[in-house]
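What follows are several structures.
Below are two complexes that have chain A in common, paired first with chain B and then with chain C.
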Partner chain A sequence: MSNLSLRNIVKRYGKTEVVRNASFQIAEGEFVSLLGPSGCGKTTILRMVAGLLEPTEGQIMIGEREVTRLPPNKRNIGLVFQSYALFPHMTVFENVAFGLRRKGESGKPLEERVNAALEMVRLGGYGARFPRQLSGGQQQRVSMARAIAPRPSILLFDEPLSNLDAKLRDEMQIELKRLQQELRITTLFVTHDQAEALSLSDRVGVMHGGVIQQLDRPEEIYHRPANAFVASFIGKPNRLQGRIEAGTVALGAGLALRPERLDLPEGSAAEVFLRQEAIRVLRAPEPGALAGTVALRAFSGPQVQLVVRLAHGAEIVVEVPSAEDTASLAPGEAVYLAIRPRDIIVLPQGAAS
Partner chain B sequence: MIGQRSAWLLIAPLLLVLLLSFVVPLVLLLPTSFQEYQPGQGMVAGSFTWENYLRIATDGYYREVVLRTLGLGLGVTVLCLLTGYPVAYLIVRGHPRWRLPLTLLVIFPLMLNLVVRSFGWIVLLTNRGVVNNLLLDLGLIERPLKLMFNMTGLLIGLTHIYLPFMVLMLVAALQNVPRDVEAAAATLGSSRTHVFWSVTLPLTAPGIIGGSILVFVLTISALVTPRMLGGPTYQVMATLIYDEYMQLLDWPSGSALSFALAASTLVIIWISSRMTRRWAGMA
Partner chain C sequence: MSDMKPTLPISIVALLVVAFLQVPVLVVVLTSFSETSYLTIPPQGWTLKWFAEVLSDPVYLRAIWNSVILAVSSTLLSLVLGVAAAYALFRKAIPGSEAITALLMAPLIVPSVVIGVAMLQYVTLVGLRGSFLVLIVAHVVITVPYILRSALASLSGLDVSVEEAARVLGADGFTAFRLVTLPLIKPGLVAGALFAFVTSMENVPVTIFLASARQTTLPILIFSSVEMGVNPGVAAISTLLIIATVIVLLLAERWAGFHKFV
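Let's turn to the complex of A and B:
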């Protein structure tokens, strides 16, 4: 086990920069996710750490060892693929034993370690089967056992859950968290699923356009996004335009929001992000609440979504639990939206997309 | 999934052609192979004998031709595999810019007529041919090498002709090997050589076996090239069958040889498909 650090990593294909100057460190035993839309460069970073791609510039260190130009087989890493990438011509046992055999393990100790790894992913007794005889979830568990069996110093996950259906994904997520807590292996996890990233990680790096926009604890990412991209990518935010006036954000038509913190100069243009789930819907006015009318109502089981048109014309989407009294609000009715000052995210307008 | 009815419909044209042009003539030929042959008179009507088949196994000359044919098939298959695999690997894994030129280079010989290609080899391989003259002029040999009318000539000529089939089969097989699986082996501590032997090669087994069967079957049944590069005396089964029919008019003997050839082909295909299953660990 060791820490992982990237220093000024750049990856270029011809003139296109896929990764721009990425630098970060993952402490020993820490679980860090890279989160972003497809094409943001997160998988490229992972593959460079694995040695499957060579960075154009920069340095990659595993512990005290520089591995930037080392081939994958000299890096002592474990990689779990989206496609599972099991060896189809080998049994589950041989798949898991592959890395151990490469390390010179054999006989009884090998057998014990393979079985222990299979036990850990709850596939004890499946050793004699072939990958094609297993379900997708089981195959991914084999692939995890295969990656952890040789005790790598770094564990890498490349969207390991995105080939699984929703229900299985939730189960595997818990499994993964449990596994990582037992092993405490330094982990880099790449995903486009924010719920996955936020719930699994010690820290999350949100990526966009080859740049790590923000690398922080999940709570910070969620409540204090560093820029407009992070704010709009995480959660289900509403985006409103406004102007800073007298310590509030004026939205127009007399509507104003008073955030907890406001670092922008008086008179500057601002963007306000309000998460759907952070807005309370009221039937009666309350000081500070925004007045509007219901424009649309959509029922989705546990939630009712309301589209509320504010007095100045902008629309906001809010979520109400269907058990609430306000869930029965019909289009045309007047509503008041209350937002706690700490849930109002204000960022300068036109800063990083 | 395709239903049974549609499946039959889809396969019907092929089945019909095979039935009319292959199975029916074969069945008609079967009685012939058991008839007696009197030189000068032809087939003896109403006779029945095992002689034609027994001779293939007992007669020294026939046995030599059969073994030579099988040896030739094996040799050409191995040569095609050894020379074809690197080319296929380069086509699939090399720079994309090389893919098209290399593929064309492999396919190009197929565009030339078989007779022309064989003549080309005669020009190159004969006693006073290009290869021998060059080696003589360079002083590397004192006497011309015997490159024709023997195994060497047939191996060279047939390998050249059937190499494209092998390469195309291997290209298809290599394209089916997921890169992630190879990458997984690499991250688990496998060197590039070890990745090749432990992952790439076993996963291309279906292509290797498929290509080998194809080349082997084509080789042992080849007629034109063996005739031209082997001459009238260095016989293989196909040329022998041709001579039995056309020169000696010994139809029973020719038919028996044909059946022996077909039977050995079927046995070899059966064995190798069983081998694939065991080796690659998959159906």
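Let's turn to the complex of A and C:
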């Protein structure tokens, strides 16, 4: 096990810069996710770490060893693919044994380590089967066993859960977390699913346009986004325009929000991000609450979504649990929205998004 | 629609067409057993003497031997070259790869006679005329398209990440190809190799320009025998060829699921 560090990594195809000057470190045993929409460069970074792509500029270090130009087979890395990428002509046992055999293992020790790896993903006794005889979830577990069996120094995941259906994905997420905690192996995880990234990782790097916008603990990413892109990408935020006036963000028509922290100069234009799930809906007014009327109501089972038109004309979407009394609010009714000061995210307007 | 059974008239027409196409084969097989020294239908009496005659004739044996050596060596050479070319063309970013593919596939479209004449002029020019090696090279040229085509098709049906997985797990490029990619494209390669073998085995137009008298192949021999008048010996050797083809096809089907690639 060792740490992984990227120094000023750039990847260019012709004139297109897919990754722009990425630098970060993953500590020994740490779990870091790269999160972003497709085409943001996250998979490119992962493939450069794996040795399947060569960076145009920069350095990649695993521990003390520079691996920037080493072929993948010389890096001692485990990689779990989105498509599982199992060897269809080999049994589950031989799939898991593949990496160990390349290291010259054989006989009893090999057998023991393959079986231990299969036990670990709860597939003991499946060794004789072929991948096509397994379900998607089982296949992905085999691919995890195959990746961890040779005891790699770094483990890479390339959207490993996105080919699974929603229910299985939740199960596998727990499985993955358990596995990672047992092994405490340095891990880089690439995904476009924010819930996955936030719940699995020690730190999350949000990527956009080839740039890591923010690399921080999940709580920080969620509560203190560094810029408008991160704020709008994470959660389901409402975006409002305002102006800083007397320690508040004035939205217009007398509406104002008082955030916990306010670093912007008086009089400057600001953008406010309010997460749907952080807004409380009230029938009666309360100090600091925003007044509005219900414009639309949509029932989706556990939740009711309300579109609330504020006094100055902007619309806000809020989520109310169906069990709440306010879930029965109908279009046209008056409503008050209360937001805790710490959930009010204020960023300068016009900043990079 | 697709699982609808064909109507009776259509079935009858289809059967008649198949029968019409297969009649010549049946005729050849039947006449090879005839006791007469000329071709006749129905055969007069039953005998295996034509088979015995053909198989003990040194001219025929020599031709069979030439054909087999030529077909086996050109198929193997085509396999190596075709698979390597397909892998490079499909997996690596090679400038002009489409033009290269078109060039390698060209012998499928260019008339064989033209290839034969061109090869003849070329080898005469470089002074290699009459060499068996030239014959092999010529057959590689005409059989490589079959290998290339099936290898490209097999590779495109393969998830690239499977080979990448092998690389990351510690296999160098060649080991990953040998242990993972090659076994997975094998069925396609068997199909391609079979086409290549048969193409080489039956080729007349290219061979006839390049083969010296001692290098006569079976199809050339049959061709020239027929010019002298068809006798049941020719029918017997043809029957043997038909049987050999059927056996090879059955083996290929069992070994590699051949029907999926035709």
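Operating definition for what follows: the second predicted complex is superposed on the first by the 353 of 353 C-alpha atoms of A that agree within 3 Å, B and C clash if a C-alpha of one lies under 4 Å from a C-alpha of the other, contacts with A are read in each partner's own complex, and residues count from 1 in each chain.
Keep this in mind: a contact is a pair of C-beta atoms (placed from the backbone, for glycine too) under 8 Å apart; a residue touches a chain by one contact, two chains touch by 3 or more.
Computed from a predicted model, the values in this text were never measured in an experiment.
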Note to self: Should chain B and chain C be called a clash or a fit once both complexes are overlaid on chain A?
What the structure shows: clash
Note to self: Output check: A:132 vs chain B and chain C. Expected answer is one of first, second, both, neither. What do you get?
What the structure shows: first
Next item on the list: Considering only touches as defined above, state whether A:150 meets chain B (first), chain C (second), both or neither.
Entry: both
Next item on the list: Would you check which partner chain A:123 touches, where first means chain B only, second means chain C only, and both and neither mean what they say?
Entry: neither
Check: Looking at the overlay, what does A:230 touch: chain B (first), chain C (second), both, or neither?
Finding: neither
Notebook entry, point to check: A:52 contacts which: chain B (first), chain C (second), both, neither?
Noted result: both
Item checked: Touching partner for A:85 - first (chain B), second (chain C), both, neither -> both
Next item on the list: Across the two complexes, find the residues of chain A that touch chain B and also touch chain C.
Entry: 50-52, 71-73, 75-79, 81, 83, 85-89, 98-99, 102-103, 143, 146, 150
Check: Taking the complex as given, what residues does chain C use to touch chain A?
Finding: 159, 161-162, 164-173, 175, 179-180, 183-184
Notebook entry, point to check: Inside the complex, what are the residues of chain A that reach chain B?
Noted result: 50-52, 71-73, 75-79, 81, 83, 85-90, 98-99, 102-103, 130, 132, 143, 146-147, 150, 156
Next item on the list: Flag every residue of chain B that touches chain A in the complex, lowest number first.
Entry: 178, 180-181, 183-192, 194, 198-199, 202-203, 205, 280-282
Next item on the list: Under the touch definition given earlier, write down the residues of chain A that touch chain C in their complex.
Entry: 50-52, 71-73, 75-79, 81, 83, 85-89, 98-99, 102-103, 143, 146, 150
